[in-house]
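Chain naming follows the written order as A, B, C and D, and within any one chain the residues start at number 1.
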């Protein structure tokens, strides 16, 4: 299979602290991959490095949505999003003064182009584009089962809906790789099951790859094609759910020394 | 969205219609009384400069109305506040104009006066300021409707220069100012005249009012070692600088203009004020009308008159006299009367020259000796 | 001659720096703990000076000996400044903290407070400059040096050093100092460790206000007169100094104040005092653009 | 809390405030004249006042809705509800515009003049609203761009005899250029640092105007700035006042039109997103710097045009008109009206500028009230008088996604 994201020897230092240490990860097209590891292992730091929020100290991040390897480390977050990497956040970061639909409309920003003049004149192309944005946003909203909240302010949405809305917003940027940071955290078992189906559905309908950070092992094991395990910023294992389940290093990291 | 567009074009159309109608609109002011406006700072931090003029105008008008008014009409007083801000002064002026004032005593500050004069000029209203000393107001020729009962800063600066050269025999001067309208204007004039007379200006700088410390500028004065420091600005900053100079044992002469010729300067500065020179309006306290006006004020308000009271008194008298001599409130007639007819005021017998400056009003140099300003004579 | 000029400017800058430092300390302490630019801090300093003036006039009227007047009015001024600082925090900042308002709201509230306090003093007292009694006489032993540094300037310099030492002791070695440091690093953790945050914040405001009051009285003695607007200009400059040194850091505030004071003094001396303030603000802008954490401040990493 | 407790608490508060205000409010000294006035009445006033105010304060604090728990019903403010109703909205707008059109004929020239001043503030408030209300950038140096506009008209007219109608767009563009030049390096700074830097810039511009005599004529300012001319006809004072009134009304209408278009556009959404959460905003592919710069520049442009009109109205300008407090007043109009809400800002500006003008007795208290307004609004109603209500999109449930309609919006 073709890999669409290749991370080579990624290292991230904060002062004296080495949060990531020579990490190598590769993600294939249409794959659902999971990044797991104990708390503080550097999973979110890894996300922040690939999405441009942090500038990696060392190493390369390459993307190849169309087979051309392109280096993206050091680029600004918005450029990376434009190139097709979208993410959600561990602690929900929705735009609180906007409605659900508008949140998704913001997500359409990078695939549209109306400027100030266009907005003021409201000419034909701007109108058409605006219409397109609304239709598309509503479509995504429906796809994620959020259409009842269209005009609700996001602060009044239930927690689970807010989490899904974040995914919807990320989808609106038309990514080829979706990065989900703990999508199931705080959800009840039923919502988690729905999430499971939703993620599979998103992959099928949008034809994209998904990389998720998750602590819910049941979800991870049932969803993932491939799992990467990190601890103390180092990769300690990689493989299918079955392989990971039997990987002694992983078990050691999760359960501690004595159990092995 | 389409509807909004139509709405906008409709509104635009209405605008155009109303506007065309509006151009050909004229005023008709009622004239059963003669209306005299008083404008200036009546509130805010400069109120103490503006309120005495209201008192003066009231006293004069009460006296004249008691005698039956002028031209058979009573005089009515219109008081408007401009807080000494140019942007407010425009509103004040239009208020007075739309209330039908034919002459205005004011404004107090030069900046506000400049802003207001444009309005008065167009409306054909005469303004006479008791306190705006910016030379441009009269000398530029832009404001034929402006008069004043105070001499302008250029007169003062020339006097300062003359005194400094004749009496103090200075060769090098430092000119400091507070970066304000009044202060910097005065400083620029002083510098100009000093250079004309061949005196070296070793330092010309502004200080920030309200700064925590003036030692840098004082140090610079010491370094340049001038014979005299000339100050353009008001007394609070002057007092800070003099105090610091004396505390730092710098004994250079210090001279200011009417901005520091104020008793609070002596009170605030205390012993360090001794020997400071200041120019100010010529002492007219022995004039009989002056004594009378002072008595009237004490009777009516129970205190001694404040700053610009006499100038305000004189301005009111001059304006009303002008109207009386002109025989009407016609703009040209009043202007002509003001320029030709002498009038007795607390400042002496005055008339106005073609620029609008009062003749016969002058300045003297004062020196602080034993906590009072003493008038000095210029050596010839 | 030129060396003399340099010396004079140096000492002038030093005095100016210590004046800034006394105000900047309050800014930096409050910012360190609540990450709020307490815009109204300059006003506390002004209120300190006014209270000192009022109390001393009353006491003079009562005919107390000069030393008693100085001590009593200075003490009252400090107490009142602290009370104002405390009340201000309770009214304008605490409700915002409780409702988790954005930081911008707190800044707007602070600007409002500053405007309010300025006009409160303007309306209740006067807009004129009032002469401030000379608390610090010309010391006789200092007479030979008075042309370089006047007695009040000397007192200001010494007091700044003392205040700084006291503050350092307070923060490094006392229990409340420890609580302050904990709060500034992580508020949530501090609460979990049993620190009463509201108390810590109140105390920070009180200590900051006390230093401002000391500054207010000293500067009033130095300048010789006060008015309601004195806090604003001084406050802005002190803020520049605090940012320059690295806001949140106490040695930083002092260092920044001296750097600003000295550069201003030299700039005014060798170039022109016309553009002195322009220079100070440009300095601020450049510092914030190129080194937002200041001279001694720590660079922060954003958390996602 | 029981009533007894309430009273006890308020009593303590009033005691505290009586103590607090004792030296400054009760004793008035004048060290120039060496007199001391005792004003015990003030103390009683403070005591009684703070007693009741503290009860009110606590009541309001409790009533304050908690963040995140607001439901939509509470958020829709009465007025906004009305304005969103088409049947009411259009007649209201037409009546309002008729009233505005007739204004100079119904009221005196003075009233018209005051209205012009107020409308300049409305325009500036709306401009600042783009910067603060939409993009969330606290700009304390807004008045600098106002000064740029005013001085560009004054100076260009003085040196080159440029007329108002050319200066108006030119002043706007110059201010925009200034905004972009100044904004470029500083916009990456965090919220409160940005506020301070813009404050610094505002002061720098004022100080330069004050000191650079050869360029700006220094503190004595520029006088005799001509008023706008109409097709070369020299109008009377009444005529120009009316003319200026219609110009500013037109400009305000244009500003409202533009900000309304902008706030519901792609750019507008990016601004609001930026205000809500910078990091998430960037993660949506929005260029942070460019978006901020747009808001900053556009805001500056309105200020510049406001400045040109201001110069034409007062006919005299000097640096003293452009102090930081002017920025604070404009900020106050935006905060009071409701950040982000156009109706709110218009109302806020009219209220704050007209009330002190008509209530002359209170004009002394203008600034202290402004200060109190800023604090109280932040504590009790951070959203302002009229909260910004987001646009409602209507979708026809039967016809499904192909027939998306959106409602006409104010």
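The rule is short, and it goes like this: a residue touches a chain if its C-beta (ideal position, glycine included) is under 8 Å from a C-beta of that chain, and two chains touch if they have at least 3 such contacts.
Everything quoted here is computed from the prediction, not taken from an experiment.
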Shortest walk length in steps over touching chains, chain A through to chain D: 1
Pair joined by the larger number of C-beta contacts - B-D, C-D: C-D
Per Cα centroids, the chain farthest from chain B: A
Central chain of the complex, centres being mean CA coordinates: D
Centre-to-centre distance between chain B and chain A (centres being mean Cα positions), rounded to whole Å: 71
Computed distance of Cα centres, chain C from chain A, in Å: 48
Approximate Å spacing (C-alpha centroids) for the pair chain C, chain D: 30
Multi-partner residues of chain C (at least 2 other chains): 122, 128, 131, 274, 277, 302, 304
Interface hub residues of chain D, defined as touching at least two other chains: 32, 211, 279, 364
Residues of chain B touching at least two other chains: 1, 44, 179, 206, 264, 267-268
Residues of chain D that touch chain B when the two form their complex: 32-33, 90, 93-94, 97-98, 101-102, 104-105, 108-110, 113-114, 117, 210-211, 213, 218-221, 223-224, 230, 233, 235-243, 246, 249-250, 253, 257, 310, 313-318, 320-321, 357, 360, 363-364, 408
Contact set on chain B toward chain C in their complex: 44-45, 47-48, 179, 205-208, 210-213, 215-220, 222-223, 236, 239-240, 243-244, 247-250, 264, 267-270
Of chain A, residues touching chain D in the complex: 51-53, 76-78, 81-82, 86-87, 89, 93-99, 101-102, 105-112, 114-116, 118-120, 122, 126, 129-131, 133-135, 138-139, 142, 147, 150-153, 155-156, 169-170, 173
Residues of chain C defined as touching chain B within the complex: 1, 5, 8-9, 11-13, 15-16, 19-20, 122, 127-129, 131, 138, 146-148, 150, 153, 219, 222-225, 227, 229-230, 232-234, 237, 264-265, 268-269, 272-274, 276-277
Interface residues, chain D side, partner chain A - complex: 68, 70-72, 75, 258, 261-262, 265-270, 272-273, 275-277, 279-288, 294, 298, 340, 388, 390-393, 395, 401-402, 404, 406
